[in-house]
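Heads up, the next two complexes both have subunit A, just with different partners, subunit B and then subunit C.
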Partner chain A sequence: MTTQEVRLCGLLLQEHFGGVVEKVGTHLIRSGALTLRAIVQETNMSLDLVKKSLCVLVQHGMCVFGAGRRGPGWPVEYCVCVERVLYMLRYPRYIYTAKSLYGDTGELIVEEILQRGQMTMSCAVKTVADRLTQNMEDGCSMDYSEVVSAFSNLVETHFLQRCPLVAEQGSAPPPTTSTLETAPPPPAITCPPTPESNPDCYRLPQINLRGRGKRRRSSEDGEDQRGGKKPKLDNGQPVGDEDIYWQVNFARFHLHFRDQGIISAVACKLDQTSSEIVRTMLRMSEVTTQPSAAHTQPLSANEIFRALPPSYSIGRPILDQYLTLLVDDPMEFVGKSGDSGGGMYVVNLHRALANLARATLESVVQERFGSRSARIFRLLLRKRHLEQKQVEDFAMIPAKEAKDMLYTLLSENLVQLQEIPKTPDHAPSRTFYLYTVTQLPTARMLLQRCYKTVSNLIERRLFETKENKRHLEKSQRIEAILASLQTTGAEPTQLQEVEEMITAPERQQLEALRNHINKLDSSENQVDESIFLLESYIKSAGTTR
Partner chain B sequence: MTGRGRGRGRGQLSFNMEVVGIGKGENLPPSTLQPTPLFPPMEHKPVPLVVGEEAEYMLALKQEFRAAMKTLPFYIKPAAPKKDVERYSDKYQCGETENPSEWDPDWRRLPKELRSRRKRLLKEKNTAPSKQIAQPKVNKEEIIRKLETLEKKEDVHSSDEEEGEKKNPEEEEPEGEEEYDEEEFEEETDYIMSYFDNGEEFAGDSDDNMDEAIY
Partner chain C sequence: MADVKVKKESTEPVDIENRIKELCSQFPHGITDQVIQNDMPHVEPQQRAMAINRLLSVGQLDLLRNANGLLYRLKDTQSTSKVKGSDNQEKLVYQIIEDAGNKGIWSRDIRFKSNLPLTEINKILKNLESKKLIKAVKSVAASKKKVYMLYNLQPDRSVTGGAWYSDQDFESEFVEVLNQQCFKFLQSKAEVARDSKQSPMVQRNSSFATSHEVWKYISELGISKVDLSMEDIETILNTLIFDGKVEMTIIAAKEGTVGSVDGQMKLYRGVNPIIPPTGLVKTPCGLCPVFDDCHEGGEISPSNCIYMSEWLDF
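Coming up: the complex of A and B.
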């Protein structure tokens, strides 16, 4: 856990769960696996608050618990998963993807499950139906069956999965005794059960769920559906899936994002038709390709031709030409692995990710240091090791400026110096000094810079909000007054009077504040795209080596 | 001898500068003697943000999600700081914003030790009166104290509750603590309460016999 990761995790936990959970969470991240007593002692917080925070973290899948290092007889240890906390930054992207694939219903299902961490299917369906009914016109309501079908679609395409099973805690001991896990050996904390280890991971439960969404009237606030986790049973009968909790399958969303990235890169580099061909190839190999595979299964040109969408009716020879173009492209998105069936083609996933990461690095250098420094950077990436003189010659940049740029890049650690001694005594006059760029370590460094960037953006946003807290509160109060006046039917003059309570300069200030906060939020979303790309590249490079 | 080499070589570097490209006698930029400024001037301005429907929608999603999380019971606020004295205005200030409905996790999926003792306390309060009746667990001190404080106590039940609560060391309820404090103060002293003489009787007595000397 690097400093920047810990800092970012702390800020994300604070924004979503409050300062208490943040304190417990960051302490666990820093210290590794700890028992409950150790956490209470080291954070100087009350036992009750620590227990609640741990419950919240486990509920959202960010904390795992299991028998500690000492074995099953000893107290339970808790461990926070840093990756999972960092996914919180990407929640809007997950929700947006669900919306684009499965419409508003899918969007709300994913949003509810992300907010609650885990939910049973019946609870999710009821909550979403109520929310949809709220937004529909008076008299209409959403049927449960529609929501159930959207839910089933999400599960069939593996975007939702069952939560991993929890080991039995033994027959109910009285609360005063220590938690002895006497049952079948519980998983050690280092290898918690993966969701995939359950063969029923993607099986929908057979439940009998009929009904329509309820509209929540403003007078009833006892019906608050957002708080309770257990479904409000109409007739007191259990629905039949009390034990089966569903969570979002982040890995599947990430595969989807990766595919989207490759397709849009092809569309930018070549043209729309080539991107459609690549999209078809990826769609066909969705189920046959492992998540960490370096390339998809080989597909013959005949198959691709048959599977192309009808709106892109191109002739067979044209398809062959496009495929040849794709194979010859230096970005190496598509490779040819054989000649049977009109040519066997694969999509090179890892190589595509590496190229996308390389493009990101080059673009960073270009935007920060100028296009000539970017030229030097690209040169070094391609030629690996070059001497000072060679850099000047190949890049066609005057010596003095080339030197300056190289030293700037060197000071930023984007370029490294490699010494190759000619003699065993490493004498400086008899040593080659070569400049080099290594892609993977540079990508790692840039990823840490991205985390730092997002942390800074969040802190700045919190600072801006705090500075203008008084204004924001005032405007919220006035909005509340206006809303209540409108519902009770007040005259326009009264409404005007209330509106005038905010003076014009204050209004301007509020407008500027809103603008700033929107910009900062947007920037976070955009930096997250780079984070995703670099993370995927680093992960893929880790598996291929 | 040893010092000579060190002093001599201070102006020289360990490697030949020409190889790296700095010629002899060339003007190098002056070395910086202070940390870089906090907001250094940027020669290349950053590229403007991506705008579009998708970006705006994701922005709205993000802000709504954040607002929604603040209202859910997963957002744990730190315990309110203890005030020295309860004030009348507290009722009308921020004290009304209680936690939204506490969520009830599925305890089968969590380790048993995380289960808070709330249920036990409720059970204690309900069974305490019955405990008093059903189980006359004779505690002699308790009986003596009860008899002595019977005049001062308005509610015998609350004292029994405190006995039960005292056995529960992990009690966190603020109400319970306040009552507990009072009880501790009144019951754990060594002095028998009836011995305390608050002086009223003394003054009353002396008024009657004015001719006796007061020592």
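Coming up: the complex of A and C.
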């Protein structure tokens, strides 16, 4: 937990849930697991407010609770998952992905669930259908069945999953209290997630969830789909899925992002066709490969050939050539694991992530310190340890400039210096000074920079809105007046008069503000892409070790 | 016996001298007294000594000492003629400089080797320089260090720094131009390959260029006033690799193929970066020089950041 992460979490909580939740949330992040009583005392807020804030956090899966560290008999403790809180930054990207994969309906479903944290299928379908109908022309309406099919598509592809059940003994918060008798209780849930085993409790339910998601589809889903639709038609009857809540499966989205990143990198490096082959390989192994695996399950060239979409008219010999090229490429996105079945191929997921992360680091150095510093940086990445003189010679940069660049990089912690003394006294004249770049720590450092950057962007956005609060309020008021006048059927001259209440400079200022906010928003999303890449690289590096 | 002796007596000292010179030219590394003795067993040691002494005093022969005794060596006639009219000290310094070859020698090292005072050496060096017998060359390794070598010698690469230096300055612009030209060449080659619409394998293979091809292209362009070797071009191509713009593969080549070194050939090709500039550096914060001093509520803060304001109004 770094200062930057806490700050960013605070800002995100503030933005999505307001000041009270933010206060409780950041306090919990700072102090780890706490009991309700401790939170109330330490934050000096009323019990009721704290309870409500915790409810919000639990509802969104950002807070977990369990028996206190002293045993089951002791008061329940609460703990915030920072990782989950930071996912809020990525909400636009999840929604956009759902839109590009499943159209407007998918977009709205994901958006609704993200906004509410978790909801029943029937509720989601209703809301989404209502919203879609609202946007349609008069007379048209959205059929529930369409929404239901989109929803089940999302579940089938694991983008949505069921919320973990809360153990009955735990003091469950209102929304998730479920004593589900119909579905068989999965074994893993019987042990309540404790704050101590926080990372595990985050990981374990997911594996279970996926399994349960499937089971549900096979046993209950059919009923549910009909159930979600029918009762709506003959108003007011119980829907039948009140106890089953759904949430967004972030891990699945992240896998999708990772695959997209790899595919686009291949497209940049080689060409479109190779990227399609890699896409096919990744799609084929989506189900069979563990999320944290270093590479996909081996696929034979025959399988790949059969799975290729027919629209890409790639012949078998051409496919073999492409596969050879992919294997030969120094980036090693694709590896060969055997010769059976026309050659077995894997996608090196972790290596691809490492390569992408390295490219990110290089690009940061390149943009920040110029292409020559980037040359030195890449040189060090390639050759590991070099003396200053060697750096000058290899990079063909005059000694003076090279020294300057190296020292700048060193002071920014992008390059490390290793001393190797020939004698025990560390005399400078008898010491080798070797420069080196270590990718993983540098990536971690850059990740922190990214967090701080996003926080800065958010703060700037808040500042801009605050500065122009008066204008914003005025324009809102005038818009409201205009709308009401239009409904009453006012004269056009009257409307114009009202419109002119906003002066030209004010209008200009509002326009500028809108531009600024848009720019800041899009930058936040762009920085989040860097964050995602670095996070996944760091995570993958952690599992390979 | 007496006859022979008389005959020997009659042998002119000039003959002996000539014979010795002949011997010396046969063995340029020098000959020992023993060799002369074996060659002319009939000559009296006294005569021999006289002849050698004469040659030494005229300056046609050098007397050297090595592990197994004295060595005689023919003196370079050219140098003798050059240093003619100068005294022994000058000759000595000249010799030391000559021995240093095209690497040159520092004046302080001359002092150590000759045991002459520095002022004397400076005088001699100036003298020799004015006679155009030696020249001073500035070394790239240490800009203030002058090394001396014979006037007609081409300085060694370690002294001049090779093709990348002119007057001890690293020609970074020259390197940059070459760097760009090489990249342009490889890039156009890759583009032609990409447009050829052939099978992917052929496309890839035809996008490769050997270092020899690049070298030929650069030489034909005539950008460079100095002659660049293939190794020079390879160093340039290496910088392109470190720029992330080029990839290199080494393949085995038949002996005698153009551009192959030790049976292998280096192939280069231009490649595209795998990602566009990352999101972080698209924001002012990613490039901010005072990023670490930036805190909300501080002197530098996101709210009053001038970089941010300029960027937003851009």
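In the analysis below, the second predicted complex is superposed on the first by the 477 of 545 C-alpha atoms of A that agree within 3 Å, B and C clash if a C-alpha of one lies under 4 Å from a C-alpha of the other, contacts with A are read in each partner's own complex, and residues count from 1 in each chain.
Quick note on the criterion: a residue touches a chain if its C-beta (ideal position, glycine included) is under 8 Å from a C-beta of that chain, and two chains touch if they have at least 3 such contacts.
Just so we're clear, the structure is a prediction, and the values are computed from it rather than from any experiment.
J.: Examine A:Cys140 and indicate which partner it touches, taking first as subunit B and second as subunit C; both and neither are also allowed.
T.: neither
J.: According to the stated criteria, A:His60 is in contact with first (subunit B), second (subunit C), both, or neither; which is it?
T.: first
J.: Thinking of the overlay built on chain A, is A:Val364 touched by subunit B (first), by subunit C (second), by both, or by neither?
T.: It touches subunit C, and subunit B stays clear.
J.: Could you look at A:Tyr322 and tell me whether it touches subunit B, subunit C, both or neither (first, second, both, neither)?
T.: A:Tyr322 contacts subunit C only, not subunit B.
J.: So in the superposed three-chain picture, is A:Cys268 touching just subunit B, just subunit C, both, or none of them (first/second/both/neither)?
T.: Only subunit C is touched by A:Cys268; subunit B is not.
J.: With the two complexes superposed on chain A, say which partner A:Ala483 touches: subunit B (first), subunit C (second), both, or neither.
T.: neither
J.: Between subunit B (first) and subunit C (second), which does A:Gln526 come into contact with in this model arrangement: first, second, both, or neither?
T.: Both partners, subunit B and subunit C.
J.: Does the superposition put A:Ala395 against subunit B (first), subunit C (second), both, or neither?
T.: So A:Ala395 only meets subunit C here.
J.: Starting from the residues of subunit A touching subunit B, keep only those that also touch subunit C in the other complex, and list them.
T.: On subunit A, the residues that contact subunit B in one structure and subunit C in the other are 367-368, 399, 519, 523, 525-526.
J.: If we count contacts the way the header does, which residues on subunit A are in touch with subunit C in the complex?
T.: Residues 264-265, 268-269, 271, 273-274, 317-318, 321-322, 324-325, 330-331, 355-356, 359-360, 362-364, 366-368, 371, 374-376, 378-379, 382, 394-399, 401, 446, 449-450, 452-453, 455-457, 459-460, 463-464, 512, 515-516, 519-520, 523, 525-530, 533.
J.: Given the complex with subunit B, which residues does subunit A contribute to the contact?
T.: It comes out as residues 15-21, 36, 46-49, 51-56, 58-60, 65, 75-76, 91-93, 95-96, 111, 114-117, 163, 166, 169, 173, 175, 178-179, 224, 226-230, 243, 245, 367-370, 388-389, 399, 403, 428-429, 431-433, 518-519, 521-526.
J.: Would you mind writing out the residues of subunit C in touch with subunit A in their complex?
T.: Residues 164, 170, 172, 175, 179, 194, 199-201, 204, 235-236, 238-239, 241-244, 247, 271-283, 285-287, 291, 294, 296, 301-303, 305, 308, 311-313.
J.: For the complex, which residues does subunit B have touching subunit A?
T.: 13-16, 19-22, 43-44, 46-47, 49-50, 54-55, 57-59, 61-63, 65-66, 68-69, 71-79, 100-106, 108-117, 120, 170, 172
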